[in-house]
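A, B, C and D are the chain letters, set down in written order, and residue numbers restart from 1 in every chain.
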Amino acid sequence: MVRVGIVGALGYTGHELLRVLIGHPQAKLTVVADLPRFAGTPVGEVFPSLRGRCDLALSELAVGDLAGKIDVAILALPHKEGMTVAPSLLEKGIKVVDLSADYRLKDRAIYEEYYKETHTSPDLLKSAVYGLPEIYREDIRRASLVANPGCYPGSAILPLYPLVKERLIEVDSIVVDSKSGVSGAGRGTNPAFMFAEVNESMKAYGIGTHRHTPEIEQELSRAAGRPVRVTFVPHLIPITRGILTTAYANVSAGVNTARCLNALNAYYAKEPFVTVCKQGEYPEVRHVRYSNCCHMGLRVNEREGRVVVVSVVDNLGKGASWNAVQNMNIMCGLPETSGIAAPGAFV
Amino acid sequence: MVRVGIVGALGYTGHELLRVLIGHPQAKLTVVADLPRFAGTPVGEVFPSLRGRCDLALSELAVGDLAGKIDVAILALPHKEGMTVAPSLLEKGIKVVDLSADYRLKDRAIYEEYYKETHTSPDLLKSAVYGLPEIYREDIRRASLVANPGCYPGSAILPLYPLVKERLIEVDSIVVDSKSGVSGAGRGTNPAFMFAEVNESMKAYGIGTHRHTPEIEQELSRAAGRPVRVTFVPHLIPITRGILTTAYANVSAGVNTARCLNALNAYYAKEPFVTVCKQGEYPEVRHVRYSNCCHMGLRVNEREGRVVVVSVVDNLGKGASWNAVQNMNIMCGLPETSGIAAPGAFV
Amino acid sequence: MVRVGIVGALGYTGHELLRVLIGHPQAKLTVVADLPRFAGTPVGEVFPSLRGRCDLALSELAVGDLAGKIDVAILALPHKEGMTVAPSLLEKGIKVVDLSADYRLKDRAIYEEYYKETHTSPDLLKSAVYGLPEIYREDIRRASLVANPGCYPGSAILPLYPLVKERLIEVDSIVVDSKSGVSGAGRGTNPAFMFAEVNESMKAYGIGTHRHTPEIEQELSRAAGRPVRVTFVPHLIPITRGILTTAYANVSAGVNTARCLNALNAYYAKEPFVTVCKQGEYPEVRHVRYSNCCHMGLRVNEREGRVVVVSVVDNLGKGASWNAVQNMNIMCGLPETSGIAAPGAFV
Amino acid sequence: MVRVGIVGALGYTGHELLRVLIGHPQAKLTVVADLPRFAGTPVGEVFPSLRGRCDLALSELAVGDLAGKIDVAILALPHKEGMTVAPSLLEKGIKVVDLSADYRLKDRAIYEEYYKETHTSPDLLKSAVYGLPEIYREDIRRASLVANPGCYPGSAILPLYPLVKERLIEVDSIVVDSKSGVSGAGRGTNPAFMFAEVNESMKAYGIGTHRHTPEIEQELSRAAGRPVRVTFVPHLIPITRGILTTAYANVSAGVNTARCLNALNAYYAKEPFVTVCKQGEYPEVRHVRYSNCCHMGLRVNEREGRVVVVSVVDNLGKGASWNAVQNMNIMCGLPETSGIAAPGAFV
């Protein structure tokens, strides 16, 4: 039994970690830490959904006390807070999966440009592993610190990585148009995410400036072996959970739908959480809600010489907490699908 | 390992049974039967959410072939179809949990009045057990045929049963105002349930005629020891899953909030799926979505001498498929929470 | 041309007033006042929906300057703020329609009990008219100060008033179960109304304490000629606009559906904004969204001796801003439907 | 007073035409025609939202009887049916605004390829005017037959037309990613648009084959003076009304945000229904819901040399019925904004 602690429990990713870890057959949730003022409060009081399902009380984060109590910590903290906690946990021999953005970008300067913060833990950037198991499984297995990907990047990188790697698309032509549910914005109170401001509406935001842009670019650059720049535009959609990403790129000469699908199928054939749709089929968000799955489909419009790639994830599932548990499973030597094998909700 | 068959897989309750049983640690799903024209189709083709999660193909229902293949069948069929299938399954020694309405009402005449159908299997009405484990657990344990409750009745009966039994409320004054998500209407194509007809709207329906009325009355009459009639009004709300029931009744002399809460707490103290909210707190649908839980709260307005009872369930969870698996667990001697212990989704 | 000023423009009722008054053929919007820090900002900047539709800029409220500029002011302010502004406007000879709760309750003590505030303008309570034109049209015509009803009370009072007045129902048995869209909670930032906390959920709130209770009771007491107490339970539903109220009461001896419908039809025969559904039909929220209409239907369940009344309004339409314009039309001698005759949106 | 008839009243565009024309100050709705089996039914019976707002009954379409009764007909019919009705109306001297697709595409072969139908009225294709007033106002003024644009094309053509015309973007690089509410799919009963299949989900559809592709291409080709091909991908989003289109294109050398915005501003400076957002601002669907407005914004990401254009319309407003009334106003010599000046709903 792996002993797990959640640090930062009160947001949506925190609740999702609680839900998943409570039912995990090979992990035992032993610590749920958050701000001092919540210390002692039973989890079932802050989340009525967990009444009768979790006997733990919240505790104040005290890293010194954690040694010997947990084997791995999952940090569900905002950016900048991840890097204030991770180093001391690692020093105590506790493995860390960090859901914040702090260790995702290898280039500290890019982090500081996009996040407008000084990076206070740059030494760990090198050993931190980008937590997409479908790409970095072996690195994750050996890692002490895994940077869980942002919700958008996962949805874009998974379908595009093989296409870039196999040189099926022109990397300078990539456009990523993503649509996200509102829980992706976190639980902080913000007038822009009030029900009546969001419902029955849609908007684009962060055009040209969104922080997930460099994350997508970093990974596609690795695939390409040279710097890649993408146009990334996220949109807010009035659903609670789920991301649908539609990506566009010019295809290389002679590339058709079948060749692109073959590349995806070859790359993901053995992946338990990736499904490649058959030609003519495309994924829907409901197929992956409340799961760790990523479904993808594509079509090459030969008339325009352009591929249209569609992928879906649950932003709290494969896009955050469930993927974090997948990372934890790998880091701790557990079966990779343990506790996160549930299929999508459909309704 | 209990071997289970689902009969009627293509609706929302069918999908939900598939989701739950795929992950059930002590049951093995071996047969998924539906209409002949789907025979041979992989489950993952009719439900893309299940791709990579379920290797079974749909089969045509052939009761003769099922003997020796399954220990228990869960019928996710419309009313009238449950009673055409259950008798032959029982004859083969297969236990049956029936999600249709066919065996819920003990009085055949009332069934025929409300459902406008001749009952073709009246002999089994006596031995069929009404499948609310919180009330009939021991009968369910010994039953071969369990009639899973309707989605609305469960939400109304659970909080009202103890209040009636303890004579805390006047049984002639009960009003049950229920609000349901749209999946409760089933998956049949119907213009009334098209997105643009339902979204951003609400309506009451079935006033004075809804088929779940006699089901609520039957169970509250048992609790009262005399015939009880309730005014039941269901409403359609633009959410996919979930029921919130608000019930009203005049309280008996001297009855206050604490006494009513005590009655509920006493009755449900050991129930794994029932949560009674503290005084001043009331349940929300999100606390039980995607779970088998029922949360309930209440307040006696002493000024008016009336209790207000609020309860929530997921109409596909405690209101249908998850409760059916709870019944199956009990009938088959499995731990009662096996496979259905997940907490509510919260978001 | 009547000259109108809106005081308190930045909330949902303020925007709705702007929308309606911009298109009003016999009123000219001349002042849009709000907090000092917005003074000078064009309306189209705070509400992009109004770009190119309204040339006004926001101004700081300066009552002294308003004399001679406006004939009538509509106050879209929170409770307690209405009574700080209304007296000085009235002194300047400006008629006032107040959307706050401050002048709705005739009994100052009840106001102070429910709103936990000292009433600072009790002298005006006597002359203020409760602004339901279908009941108080002639008083409104002569009034200088009209208290626009709360969103819930309008939906409950309109269908119940004639039934109480004609003694068709037992007034001690009235239960009012209301369901409201989220815009009814106003535009203030509140974690409870964030999209992901409300969407796909429902809850009851304010049981036994909601401030609209005494407002309903005041008006039904007037109809009954004696004090009436009702059990009122509001619910929050994940739609933006609209209220559906389901009311229950025991009927007097011999009262059936037809008699109740006759009473409503007689009372509302000439009302331009009230529609009584035929026997067997009930209203839906979508039929009145974005309109000043109230639709109502009912059925007497003779078996239980109880009537079920269903009514719908748009909480920002008949429940607030459009009704305020109806009051303004009446007070200013304009045709009553001027500017507010649009039918419901349906989709 | 212009006399108007609606042909095809029972769908969503039909209801929207009814709503708008009932309140139109200079048009009189005199005929509402639909299938024979509805003849004689009061409009208020098929649409309860219109009770007390419209005294007309539905009539069977009898073109012979219409001469002398109406000056203009608006056809809210599916494709293929528009062209069976329009010719005989025109022969009787009745002007026609056709919401079907039948007269939108100048090239009959492309119509037949995308719609899989033989065009039965090709003679009228030449004189029919594509009904985007912002581009073809003078032609519309002189036209007898106007083909109202599809909902998606309007949202894409309006912002892109000036950019193409001014050669600010490379026409071979255009990608149009559109997101639509469900009412755009029409009112026909279809399992794919049932509430529980659509809610809390999203999907792309019609990739490479959608019928609005050639319509967008026709108009951008006219702007470019040479054939243009675009990649167009529509998506279904769980809202009732509204389209948000995000378009991408490589910019010509030296083109920046300001230059693109200047082009839009110059083109649309005097347009009553088009709003160009300031630099750094982008439109939201709620700003135009329930209106005839189109809002647009853009940004050139100089790093990638690509412009991102965002536009919003209400698919039943500017995308269908309100735009049809705008066309009618122009064709009949009425003030262009008459009856359709309402601003967006915001909430």
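By definition in this document, a residue touches a chain if its C-beta (ideal position, glycine included) is under 8 Å from a C-beta of that chain, and two chains touch if they have at least 3 such contacts.
Predicted, not measured: the structure shown is a model, and the values here were computed from it.
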Note = In contact with chain A and chain D alike are the chains B, C
Of A-C and B-C, whichever chain pair has more C-beta contact pairs = B-C
Inquiry  = Centroid of chain A to centroid of chain C, CA atoms only: how many Å?
reply    = 46
Ask   = With chain centres defined as C-alpha means, what is the inter-centre distance between chain A and chain B in Å?
value = 36
Task = Compute the distance, rounded to whole Å, between the mean C-alpha positions of chain B and chain C.
result = 39
Message = Residues of chain C that contact two or more other chains, please.
response = 12, 181, 183, 196, 199-200, 238-241, 283-284, 286, 347
Ask   = Within the complex, which stretch of chain A touches chain C?
value = 12, 181-183, 187, 189-191, 193-196, 198-200, 238-240
Remark   = Listed in rising order, the residues of chain A that touch chain D in the complex are 173, 175, 177, 179, 181, 196-197, 199-205, 207-208, 229-231, 233, 235, 237-242, 244, 246, 248, 282-286, 289, 299, 301, 303-304, 306, 308, 310, 312, 347
Request  = Give every residue of chain C touching chain D within the complex, in rising order.
outcome  = 12, 15-16, 18-19, 22-23, 25, 47-54, 183, 200, 240-241, 272, 275, 277, 281, 283-284, 286-288, 290-291, 293, 295, 316, 341-347
